[in-house]
Each structure stands twice: as structure tokens, then as C-alpha cells.
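Labels for the chains are A, B, C and D, by order of writing; each one numbers its residues from 1.
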Amino acid sequence: MIYNIPYIAVVCLILIGLYALVYKRNLIKMIIGITLIQSGVNLFLITLGYRKGSIAPIYTSSPGGIMALPIPQALTLTSIVIGVAVLALMLSLVIHIYRHYGTLDVRKIGRLNK
Amino acid sequence: MSEMSKIVRTITSIAFPFAMIYGLYVIAHGHLTPGGGFQGGAIVASACVMILVAFGSKWTLDKIKEKRLSVFESIGAVAFIGLAFLGLIFGTVFFNNFLVGNEYLFGVIPTTGVANINTAGILPLMNFAVGLKVIAGLFAIVLVMAYATTNYKEGKK
Amino acid sequence: MSIPLPEYTPALIIAIPLLGAFLTPLISRINDKLRNIFVILVLGLNLFFVSILAYNIFTKSAQEPYIMKYVFGGSQNIDLTLPIVRILFEVDAMSIFMAIIASTLMFVAVIYSWAFMKENTGLDKYYTLMLLLTAGMLGMMLTGDLFNFFVFLEITSISSAALVAFWTHKGESVEAGFKYILISTIGALFVLFAIAILYGQYDALNIAVLANAIQYTFLDKIALVLLIVALAMKAGIVPMHMWLPDSYSRAPATVTVALVGATLASLYGVLRVIFTLYGNILLDPAKFDIPVNIFIGWLIIPLAVISIIVGVMMALRQTDFKRLIAFAAVAEIGYIFLAIGTGLAAMGTEYGRTALEGGIFHIINDALDVGLLFLVAGAIYYATKEWSLNEMGGLARNMKYTTIFFIIGLFAVAGMPPFNGFASKLLIYESTFQLNPILAIVAILCSILLLAAFVKVFHSAFMGPKLPKFKDVKEVPKSMLFAMGILACIIIFFGLFPGLVLENIVRPAVDALLSNAQYLSMVLGGA
Amino acid sequence: MSKRNLAAAASLSIIAVIFLFSALLMHSFGVPDESEMDQYVIDNTQAETGANNGVTSVVFDYRGFDTLGEATVLFTAVAGVIMIFRRRKE
């Protein structure tokens, strides 16, 4: 059970992100929440690929021995790039929202809309 | 973003080539060492962003327009998908690594422990295509966002 | 009887719009008109390939379920002694059924864009994003790899969020775009989390391999719930529907039509997860002590009924034309989910199958009807620059064709007899009545109320005296009429020959969903 | 605390309990239950793709189509951001 601490860290990251999404009213803070969930999931993927005492799956000047699983690392790479793309689009939308409404508070934006 | 002080600008000009070379190294050796097109592209793009931060968005936008970056990105993407199509033409399957096995161009089968750059088939080429794409793409995003926020602060709206 | 096609056609279906999207920024530097022609050509070519592939697959799967496989980068003959590392495309009747819907909608939307979007700036990026959205949706539908599904899901959501915010000078559009990307990102992250859980247990990403290996442990249940919740959220089911009316009504009409396709792609994800990924458990209730299928079916049914009721009730109250249609779309999604839930709860019986047939048939009808109505709303906006129903009136005199198209869409979406909506809704009523009569009664009542909502629109926008400020309103350009005409023709065809469609297109799709054992053996059984 | 906040807190805590419970059920850290697919990649990366770097061989060869999708995501984001910040003719 002690070996499951990395997974618990993953769950904590995801929960903090969800907390920020549910309770925070500032758009930037909500985006930070999403980034936290993203990091949690990425950490989870990387964690899945670790084998005890393993080295990176690279043969160039490798000392030999068992290697970590390469596929989770590749998946994490993909998901990080996707995260960057989503983050860029969300931040640019927030810039525009701020231009239109002059605020980042969700409640005020909703009220102005009506 | 406006221009920063002269000290920052000078240091940036000195550091820029090193960051650039490091990024290109990571791209070129993607099939041998940790790294690859995405990682190296991100390093080069951050070097470019460093220039943007030091010299201001207006100066940078005078040097390079986001439209041109967008074209570069398209070229990188077309090169990438073109390599995939070449796999279809030469190797009968989409995304086939058709260069593995020939002795001249990136086709050598590597041995453990030795770093031979002439290996891995189309992987190095794909690394370069993706690298170009990532450099242009990330820099374009930051450039456009920086320019947009600058204009707003000056009250133009 | 099938038309000979190269074996790499599934890859080509994704590669054509992608290559088109990468080339569009280069071509639009030459000429705007050339770019429009190029984009229409690309999507037309894509539709052509999809149709021929669909024809092949439907003819082959008329006798028995048939799956077309394509392995990326390796040998096409899968060696079963080795694990499947490479990405596979697994195209069966269900996926190609959805692909037809998506590519038809996008083709129509792009033709319509020619005149509709003419006066906007930033059109090269607009067309690029439309092509990317096509590629994303088709990728979601054709892929046989879970992580690949996630990647295409993200392409779809990013491009549609950017397109929703296309009119950046309107605060509401930007806000709707932000809402959309927030919801889709959360959904996509949950999907990724579920994929990671499955990967961690079985060390596989291929849907067929996973479906074969799944043991239905506690972690599998968590993954199932995460996948269904995330994808249903993206499909716009109540209580996670609030993003849908906003983004549907604030986006340009062409984008809304594309969004209908994107929503249905998420719905396809739900179907795939339930019937293929977890098909071993859900399709074969005898295998396990607990009847899981009934549990999940009855979990979906109340949500579906609430979606129908909320959608119809909100539609009755709207004064904004596009928002009204958007709530009607929520109700339509509710009908589809009602059919799926009924099919699950009554798995194995005759009417359970009928329910699924109705649901699958309703997917294509929903896409056509709602798409046509959004295009009509866009045409009215193009002519009058007005969204509000209170400001409109007497448009029937000046816009004859648009009025005819609106009447077709109205009757189709409300499920009136000579049109396609009737055929599928009848199947849904029939089967839900056998499960529980109250459900069927609620569904029929809501359908009538939906008709009332649209008749109200018809009355206030098209009938009545000619308003002085709309004196100079002209009929919309021919390309827009042509685009609406395509959808209207398909609707009338489907309405006149529902049996033909049901027999040749819907039945193979339902067979493909239900024949899980064949799916696994055809993917994993080599050759 | 309003009703809405309470409901949110309740659902969050339910999610927390379920997730933590499933974290305990995962295989022990560093000892994957199954690793057949990854072991295949590790064993065959040099012969099949000619790359010394296992991760790169997965990214560009075995799962190259994913990478195409990933590059497309980035392309989409760039197109979207440039479109959002386009200069309008007023």
C-alpha cells in the first residue's frame, strides 16, 4: 500500500484542480484548475510506466538493465503538447473576454450578458 | 510588451545563439538522445520568446510577421504529412518507415551503446518537420498574444 | 458488387482534409476565390471517398458484420502472437454511418459559407479550422485506438471552440467559446484519465484488445463511468447541457451545423464505449450476476427524459431564433439517449433492438433536421441581420424558398408523418411504450409541444403583414439555397422511403454495434 | 454556504473518496501488472525502426499517427489564436 503514494498524489492533484474549477470565480484561476488536472493526468501516465530500478528506454550509451515502459512516456508527450494548445486558446479567449467585459469574475460576466 | 533595459537586451543577444543551438541539437539528435522535435522546438521557441520579452513585441513584429510564421508552420505540417504519404508510396503503408534497411540515408540498424546519427529511417526527418512546426507555432501564439495585450494597455482597444 | 477501393482508403479519408487544412494558409495567400473552391473540392472529394467506402461496407455487412481494418505503418496482416502496438483504424458499419453524417454536414456548411461568411475577415483561418474540424470528427469515428480517439477529440473541441468564438467583436460569442472549451477540456481530461486507468491494468490501447481483456473490476467501473459522463457531457445531455444553447446560438450558422456533427461524434463515442469497449459485459447479461445493462440503461433513461422535457420547455420560452433551435437540439439528443437507454435496459428482447434502430436512425435525422433549421436561421440573419423573433414578421413574401425549407425542417424535427423524423420517432415510441408506457407518453407529448414551439416561430417570423423595415429584404444567394436544398432533399427522400434507409443503412449499423463477438474476432482474428 | 456550494462540496467529496479508493486498488508503483506491449517495443525498437531512442520510436513510428494528430492539435491552436486576434476592418 505504501507503494501507491504516487497514485494518491495524482488523485490529490486532480481533486485540487476540481476544487478550483468548482469554487473559484476567477477565469484565470479556473484555467489554473484545468492545468492542475492536466498535470495530474500526465503524472498518472508517467507513473504507470515506471518499473523498479529501470533506466530510460534509450540504447545510446545505455548501461544495460531493465528499461522503463516507453509508451506511457510517448503518450505523456502527446498530452503535454495538447495541454499547451488548449491553454493557449483558453488564455486568448480570456483576453478577449476581459476586453469586452472589463472583468474576469464569472458572476459579473453572466450578469452583464442578461 | 514593451522594450526592456539595455542590460537585458545585451545579455539576451548573447544568450540567444546558445539557446538556439541547444534546441537545434536536441531536434537533430532526437532519435539518439532524450528529446526530439517537440522538445527541441519548444527550446528554440522559448529562445525566440526571450527575444520577444527583451526587445518588445512591436520590434519583434517588425522583424517577423505572424503570417510568415503561419506559413512556416504550414510547411512543417505539410512536410510531416508528406513523409507519411511517402511511406504509402514507397512502403505501401501510410506512416511506413521505408528508409530502415538501406545503407545510405538514415537506414543503418544501430548497435546498443553506440551513437550513430545515420540511423532510424524517416525519424530524423520527421523530427525536423515537427521541430519547424513547433518553433513557428509556439512563437506565433506568444507573439500574437503579446502584441494584442500591448495594444490594449496603450488604450487603443 | 462492391466498388474496388485501395485498402488505404480509411487513412485517406483523414489525410485529405488534414492535407487540405495544412495547404489552405498557403493557398489563401494567392486568391480568396481559389481558396473557397479548393476547400469545397477537398470536402467534396472526402465525401466521395466516404460514400464509396460506405457503399462497400454496407453491401458487405448486409449478410454478416464486416470490419475494414487499416494498420498504420506496419504490415496489414496482424500477427496475433505479438501485441498490437501500432494504431489501427477499425471501420465498421456504425463508424461509416456516422462518417457519412459528418462529411455531409461539413460539405453543406462549406458551400453555405461561400456567401454567408463573405463579409468577414480572417476567412483563411476559418476554412482551415473547418477542415481540421472535419478531420477531427472523422478521426474520432474511424479510429480503433483509444488514445487516438482522445487526440481527435481534442482536435474537434479546440477547432470548434475557436470557431464558436469567430465573431470576436461580440462578447457573447467569445464567452460561449470559452464555455465550450472549458467543458470539452474537462471532458477530454476525464476521457484521458479513464484511458490511463485501462492502460495501467491491461497494457493495451486498442479497443478490441481492451474489450477482450476487460475483467470488470472496480477500476473498470470507474473508467466506464468517467468515459460515459465525459462523452455524454460533450453530447449535451441535461444536466451538463448549459454550454450547448450558448455555443449553438452565438456561433455563425455554418459553425453551428458543424457543431451538430461534433456533438454527434461524442455521442458516437458513448455508443462505442458502451457497446464495444464494455460490450462483453453489457451485451451478455447472463455472464455476470448483476444485470449491469439494466442498471446503466435506467441511469440513462431519466437523464434522457429530463433532457427532452427541459429542451422543449426552454424552447417554448425562447424569443431568440437560434437559441430556440438549440434547445430543440437538446431535446433531440434526449430522444436519442432515450432510445439508447431503452435498448440497454431491454437488451436481448425484440423491442430493445427496435429501440436501438430508432435511436441510430434518429441520429441521422437529428443531424439533417437540426442542421437544416440552423441554416434557415442563418439565412434569415443574412437577410435581416436580426436574431430576435419579436422583431421579425412577414418574411414569407420575400423569402419564398427559405420559407419552404423552414416548413420542411419544422415538420421533420417535430416528427410529422411524411418526413423522416416521424419514422425514427415512431420506432422510439413503439419500443419505449413496451418498456414503460409513461416514457412513451412523455416523449409524444414533448414532440407535440416542440411542434407548437416551431409553429410559433413560423407564425411570428414568416406570416403576418410585411414589416416596413424588411421591405427590401431579398432572397438569399443561390449557394445558400443550394446548401439548404441538399439537406431538404435528403430529408424528403428519407421521409418517403424510411424502409429503404432502415434496411440498408440503419440495420447494418445496429448489427455492427450489437455483434461484439464478431467485432473482436474480426479485428483480432487476423486476415 | 449556499445550497449550491453544499451540493458541490458533497459531490466533490464523493469523487474524492472514490478516486482515493481506486488509487489504492491500482497495481503497486513500479510493478506493472502487464507490460507485454511495452516490452515488445523495447525489444524491437532497434531492429524495426532503427532508432536507439525507444520513446522517439514510439512517438514517430509505432504511434506516428498520434503524433500527426498532436501536430494537428498545435496547428489548430495556432490557427485559432491567430483567428481570434485578427485585425478587423471596422
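General observations
In this text, contacts are C-beta pairs under 8 Å (C-beta built on N, C-alpha and C of every residue); 3 or more make two chains touch, one makes a residue touch a chain.
Quick caveat: nothing in here was measured; it's all calculated off a predicted structure.
The greater number of contacting C-beta pairs, out of the two interfaces A-B and A-D, is seen for A-D. We define each chain's centre as the mean of its Cα atoms; on that basis chain C and chain D are separated by 25 Å.
Rounded to whole angstrom units, the spacing between the C-alpha centres of chain A and chain D is 9. Our note on geometry: chain A versus chain C, Cα centroid distance of 28 Å, whole angstroms. With touch defined as above, residues shared between interfaces to two or more other chains in chain C number as follows: 18, 22, 25, 72-73, 85, 147, 151, 154, 158, 161-162, 165, 168, 174, 200. Shown for chain D are the residues that touch two or more other chains, namely 19, 26, 32, 35, 37-38, 41, 46, 52-53, 55, 57-59, 61-70, 72-82, 84-85.
Across the assembly, chain B contributes 32-34, 36, 38, 70, 73-74, 77, 81, 84, 94-95, 97, 110, 112, 115, 138, 141, 144-145, 148 as residues in contact with two or more other chains. Taken together, the touching pairs cover every possible pairing of the chains. Contact residues on chain D toward chain C in their complex (touch as defined above): 18-19, 21-22, 25-27, 32-38, 40-41, 58, 61-66, 68-70, 72-73, 75-77, 79-84, 86-89. Residue ranges of chain C in contact with chain B, taken from their complex: 8, 11, 15, 18-19, 22-23, 25-26, 29, 70-76. Residues 18, 21-22, 25, 72-73, 82-87, 121-122, 125-126, 128-129, 132, 135-136, 139, 147-148, 151-152, 154-155, 158-159, 161-162, 165-166, 168-169, 174, 197, 200-204, 217-219, 222 of chain C touch chain D in their complex.
Within the complex formed with chain A, the chain B residues making contact are 32-34, 36, 38, 110, 112-115, 138, 141, 144-145, 148-149, 152, 157. For chain D in complex with chain B, the touching residues are 46-53, 55-57, 59-61, 64-65, 67-68, 70-72, 74-75, 77-79, 81-82, 85.
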